[in-house]
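Multiple structures follow.
In what follows, chain A forms one complex with chain B and a second complex with chain C.
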Partner chain A sequence: MSTRAENRAAAAHHKVAAARRFPNEALLLVPAVIFVVATVVYPLLYNISQSFFDIGIAEIVSGAGKWVGFENYADQLQRPEFWAALGISVSYTAATVVLSVIVALLLAQLFQLNIPGRDYMRALILLAWIIPTVISANVWRWLLDGSYGLLNGMLRMFGIIDGDVFWLGEPVTAFIAVVAASVWTFAPLGMILLTAGLQSIPHSLYEAAMVDGASRWQRFLNITVPALKPVLYTTAFLLFIYTFKTFDTIFLMTGGGPGGATKILPVYAYEQAFIFFKFGKAAVATTILLVIPTVLSILYFHSIKKEERS
Partner chain B sequence: MSNDTVTITTGSPRSSISAKRRVTRRPGVFVLALLVTLLYLVPIYWMIVTSFKQSDAIFAKPPSLLPVPPTIEPFISVLANENLLQGLLNTFVIAVGTTILALLLAVPAAYALARVNVPFISVILFVFLAVQMIPAVNLALPMYMLFSKLGLVNTYAGLIIANASLAVPLAITIMRPYFLSLPNEVIEAAKTDGCNSFTAFLRIALPISVPGIVTMGTISFMGAWGEFVFGLSLATDVQMQPATVVLAGMTSQFGVRWNDLMAASTIVALPVLAIFVFLQRYVVSGLTEGATKG
Partner chain C sequence: MIEHNARRRAVAFRSIWATVGVVGLAATLVGCGTEAPESAEGGTEAPESAEGTTISFWQYYGDTTMPQGVPLYDFIKRYEDSHEGVNVDVRYIPYDDFYRTVIQSAAAGDAPDITLVNSLDTTSLAQAGLIQDLSDRVDEWGEKDAYFPGIWETTQYDGATYGIPHLADAYGIYYNKTLLDDAGLTPPKTWDEMEKTAAELSVDGRHGLAASGIEGVEGSTPLIIRTLAEGAEPTELDSAAGATALDSFQGMVDSGALSEGFLTWIEDDVASQFGTGEAAMMLNSATYISILREQYPDLDWSVSLLPEGSESRTTWLAAENLTISASSEYGDEAWDLITFMQDPDELAVYLPARNKLPARNDVPDETGDPVRATFSEQLEDSWAPTGDMAPVANEVFTLVQSALQQKLSGGDTDKVLKDVQAKIDEAISG
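Then we have the complex of A and B:
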């Protein structure tokens, strides 16, 4: 009896020791790593390799295209449309991220106040982020409809406009419209992240400041903003990633128009591939598309590490 | 970070105490918050209201804020649309398949990443995090080329794999904190009692981590339900398209029937809205964990 128990204990001890030497829990990681390598890493590398080939619809079916070296890159980098798409991507992302963070901060601050039912209000606002973007894009198109849209109905009622205004038909207003729709979608996510950040600021700081006679604005500037800085930073980075990835909202609201005014790089790459069937050239666009988030995320993680060290 | 500290509904004890202390109860602030919330919900309200309007009410100037008289005709008309029904079925199959695949791959991986400490772990973690930054177009394009050769275009398998490619890394990011919060002693005690690494994972770690698994499954399902880019590029056959792509097809035709389109949108949005209402706690913690942890 006792020997059996001893044996078992010894065996268990041996097993624990073995587990320390070779962590066989690591095997649980293998399927996921293989899957991600096969479905993400390999396709990305394949995509880069294809950017050196001339590939149309026939080559997709038949097999390999013709090796053209950097010809696709030269072709794309000479195209004003490509540079325009890159520029619009950057300005669309910058406008959306800045405005989303501002709206998110205002919402988070508003619902920090002791308001009856604020949890329900926050949850309702979060619906804007939860709802699939394909659907919200359709709804925004309908809200902004020139003849029968709700926005124009309201503006006519208040006498601000007279007749029909086709917001999505003009370059500047179409750009503003897709930014507005994107901010509407992204700000609630920012609000949730910033709320978590605000709740972690010790209330004693505010009480001390109030004793010292600091105004609401002073407390915001001198306590909230510095304490919230890391969370603000993370939120802005995350919203940047999401915004730079945007496709549905613009593809469905404007299709990149009018006249390319809202044609961001992902929409441009999609068109090259699936509308014009220039897969090699599209691969150039998507490869370049990867550069900006890669550089920024390296900078981001670098600065986080630096902050953690200090 | 534990699950409870990030849910908006509970909040930390400190903040609720301090909230009570600084009760303002100014009606002005309440009215402002209410107005902001209502203003924010206008697009969703307008979608639902429009879907109950008769066709001639769509063209009313000024547009009426209520569907008078209300009608369910748009719903009847879109539910007779075979493409949309097929699309909903496709979306369901793809979303369930993606969730199961993400569950099978991500849960064990997250456990391993939380428990094992070897040098290459940080590299793997970084890769899983970096993968989430890749625009879907970047994967849709090579996947279309590869899937064409493998015969996976216009198949459920292809669409599930494509969706899971982005769902698995996100799911791992969401799940890992749950396993990190699991005390090491619990697992070691189980091993002393005769469990090996795998049975300890199955019998001890998994049951404790059910909230994390629900969160992860919910986020995966909702993501796949609303997915558009893979559906658009990898399902060229109408019979295989998810509901989001069918919806997009309804808008690009001339003379959009807005009440029908909004009814169809409401139907497609309904499962996501229902999940959010019933599993809000899990969704919110998933958003914050997935977003801030790595």
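Then we have the complex of A and C:
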């Protein structure tokens, strides 16, 4: 048999084998598909469908809510509380993500330096991400308490404040406090992701730049930042998702207060569903919570694909 | 070549994190899902065991390691010991997750036989058809008249009885005897006196009074009690009574009698303030009696009735009812346990250990504890939401707290009351 004929035969054999393998491979996917449909797709669709029904406790148990079309949306979209919650969610998320990325980048850069005890410090900082929120949020609450909080104790010691300052009792400071607590939690995660990114930048680039006389700042600006850009985007995107869905930190620290100043959309939805038992209205809020990250994800993946193609 | 590898690594890295991103997104959205905490005693089902019937009992007090949980488990153990063939599977679910879990279980056809329900939520569950109408059993039982009417009222929906009061709790004024004695003061009997006494006690960085005013239902208690004292219900906030109540809190904050930080405190924080001497008096419930005794053994304190306003000294009633799920197959057994748990002699053992008060008037108090006696006396003058307000009580109370918040953030009393009243009316009218 000539070599060409042999190749043709081999190719034909592969084709047949692939065709024979295909149904089996598809079958192998079935458990994963069932799992994803049952645990992700179904709850999401169920949530969206709820937003079109008038649903109280009775209806959620019987499964027979009254179809109201877009009435829940009309009701929610004309409520200042809803828009306030959405606005607070967006500003809280933006502030937390930007600050977390900056802090994470600084930490990651710091730990690139060969300082003693570096690994231990990195592990310690990571604890902030690992500690259950129910603990960290309460610790923050105690730290920031106006009367017996550690922060005020220190500020008083240095003569910076005189009386009690209730950080969680004023809208602006409460907002800053929940952002600070969230940055404290999320920055270590960002640090780990960015460290991995930093370590993948070849040293030779820095060495070459040094030979050319580039300063530390120039090296950071012209080598680190461009090389790290994809990882930075990914980190920011991940932190956006984590932050936008945050519930426990704020629920435990402020309960959404004072006066709704930290009532982000998840807390608003929780209140509607599990305190006021208005599930249809809560579903509107959770659907919005679903739509915003989804749209951003699509844009994000689209831009990644575009970048890869280019 | 190096650049190529670096780029490939970056792309690979991106792909990994893109995948993580998708999973993260999915987790976000399923985050509000249906996880339920495990039973403190293991299972979550109520199976019929080989040795007899097992009934399930869900509650939010605590598990076997928590001071609020232990007395309940002991109580149920006494029932099991004296009732052969019946086992009770007690499951603790923290309050913030409680109704979510109960509702989801009911939707899945897996509701517990007995559910402990906050008096505020009893009507909502009855209205939703989740719990059984117990009227016939109550008639046969014949002990209805032993209950304080205000408490019994919280079990009623549409002319029928849907729960049996389990226990009650009242608010009173805890006062630090040492601080009051040193200042030559006595516990205030009226709110006018409270404003003056608390202001006088606010020295050395201390505040005269502490209370919980945090966002939500919990923080509505002070304003509810103060409004009731002026003769109006929380649903009638836009009234002279509501205005007096709001201005009273503003006045106390202005004079330093009450720390503005009270808007950030939950009731546990308030107890800490009082326990550490940061506050000379506190508005709080009987829940904290033994906590104070255990954690601050050197503190010399007592409790007085709520101060009187121009109309009354009514406490808002914190109570819990025991209910039987509509789908329970063990209605008789569940009823037997619930009524056992209302036996006056049994309650006489259980309630002091639990720091709570009886919902009925025939429970002997053998503790000889004057503090419990004061709370019991206070309980006789109590108020709980009924009628149209009952199913939306949580929403109304949340709004009541918001009035306090708005006023203390510099709002005009009349405008705050009008705005909040409009929202209360909307909540009630549905």
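Following the convention adopted for this analysis, the second predicted complex is superposed on the first by the 279 of 310 C-alpha atoms of A that agree within 3 Å, B and C clash if a C-alpha of one lies under 4 Å from a C-alpha of the other, contacts with A are read in each partner's own complex, and residues count from 1 in each chain.
By our rule, a residue touches a chain if its C-beta (ideal position, glycine included) is under 8 Å from a C-beta of that chain, and two chains touch if they have at least 3 such contacts.
Everything numeric in this text was worked out from a predicted model, so none of it was measured.
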| item | value |
| --- | --- |
| When chain B and chain C are modelled together on chain A, clash or fit | clash |
| Which of chain B and chain C A:K66 touches, first, second, both or neither | neither |
| First, second, both or neither for A:F35, with chain B first and chain C second | first |
| Touching partner for A:R122 - first (chain B), second (chain C), both, neither | first |
| Touching partner for A:G169 - first (chain B), second (chain C), both, neither | second |
| Chain B versus chain C as contact partner of A:G56, first or second or both or neither | second |
| Partner chain(s) touched by A:T254 [first = chain B, second = chain C, both, neither] | second |
| Partner with the higher number of touched chain A residues, chain C or chain B | B |
| Which superposed partner A:I241 touches (first chain B, second chain C, both, neither) | both |
| First, second, both or neither for A:T195, with chain B first and chain C second | first |
| Partner chain(s) touched by A:L110 [first = chain B, second = chain C, both, neither] | first |
| Chain A residues contacted in one complex by chain B, in the other by chain C | 36, 39-40, 43-44, 47, 60-61, 63, 145, 147-148, 193, 196, 200, 202, 234, 238, 241, 244-245, 247, 251, 266, 269-270, 273-274, 286, 289-290, 293-294, 297, 301 |
| Sites on chain A touched by chain B in the complex | 8-9, 12, 15-16, 19, 23-29, 31-33, 35-36, 39-41, 43-44, 46-47, 50, 55, 60-61, 63, 107, 110-111, 113-116, 118-119, 121-136, 138-143, 145, 147-150, 153-154, 156-157, 184, 188-189, 192-193, 195-196, 199-200, 202-203, 234, 238, 241, 244-245, 247-248, 251-252, 266, 269-270, 273-274, 279, 282-283, 286, 289-290, 293-294, 297, 301 |
| Contact footprint of chain C on chain A as seen in their complex | 36, 39-40, 43-44, 47, 56-58, 60-63, 145-148, 163-164, 166, 168-169, 171, 193, 196-197, 200-202, 204, 227, 230-231, 234-235, 237-238, 241-242, 244-245, 247, 251, 254-260, 266, 269-271, 273-277, 286, 289-290, 293-294, 297, 300-301, 304, 308 |
| Chain B to chain A touching residues, read off their complex | 5-6, 8-9, 11-12, 14-15, 18-25, 29-30, 32-34, 36-37, 40-44, 46-47, 50, 58-63, 104-106, 108-109, 111-113, 115-118, 124, 126-128, 130-146, 148-149, 161-162, 164-166, 168-169, 172, 188, 191-194, 196-198, 201, 222, 225-226, 228-229, 232-233, 244, 247-248, 251, 256, 258, 261-262, 265, 268-269, 272-273, 276, 280, 283-284, 287-288, 291-292 |
| Of all residues in chain C, those that touch chain A in their complex | 2-3, 5-6, 9-11, 13-14, 17-18, 20-22, 24-26, 28-33, 96, 99-100, 103, 106-107, 124-125, 127-130, 205, 214-217, 219, 259-261, 263-264, 269, 272-273, 276, 278, 392, 394-395, 398, 402, 405-406, 409 |
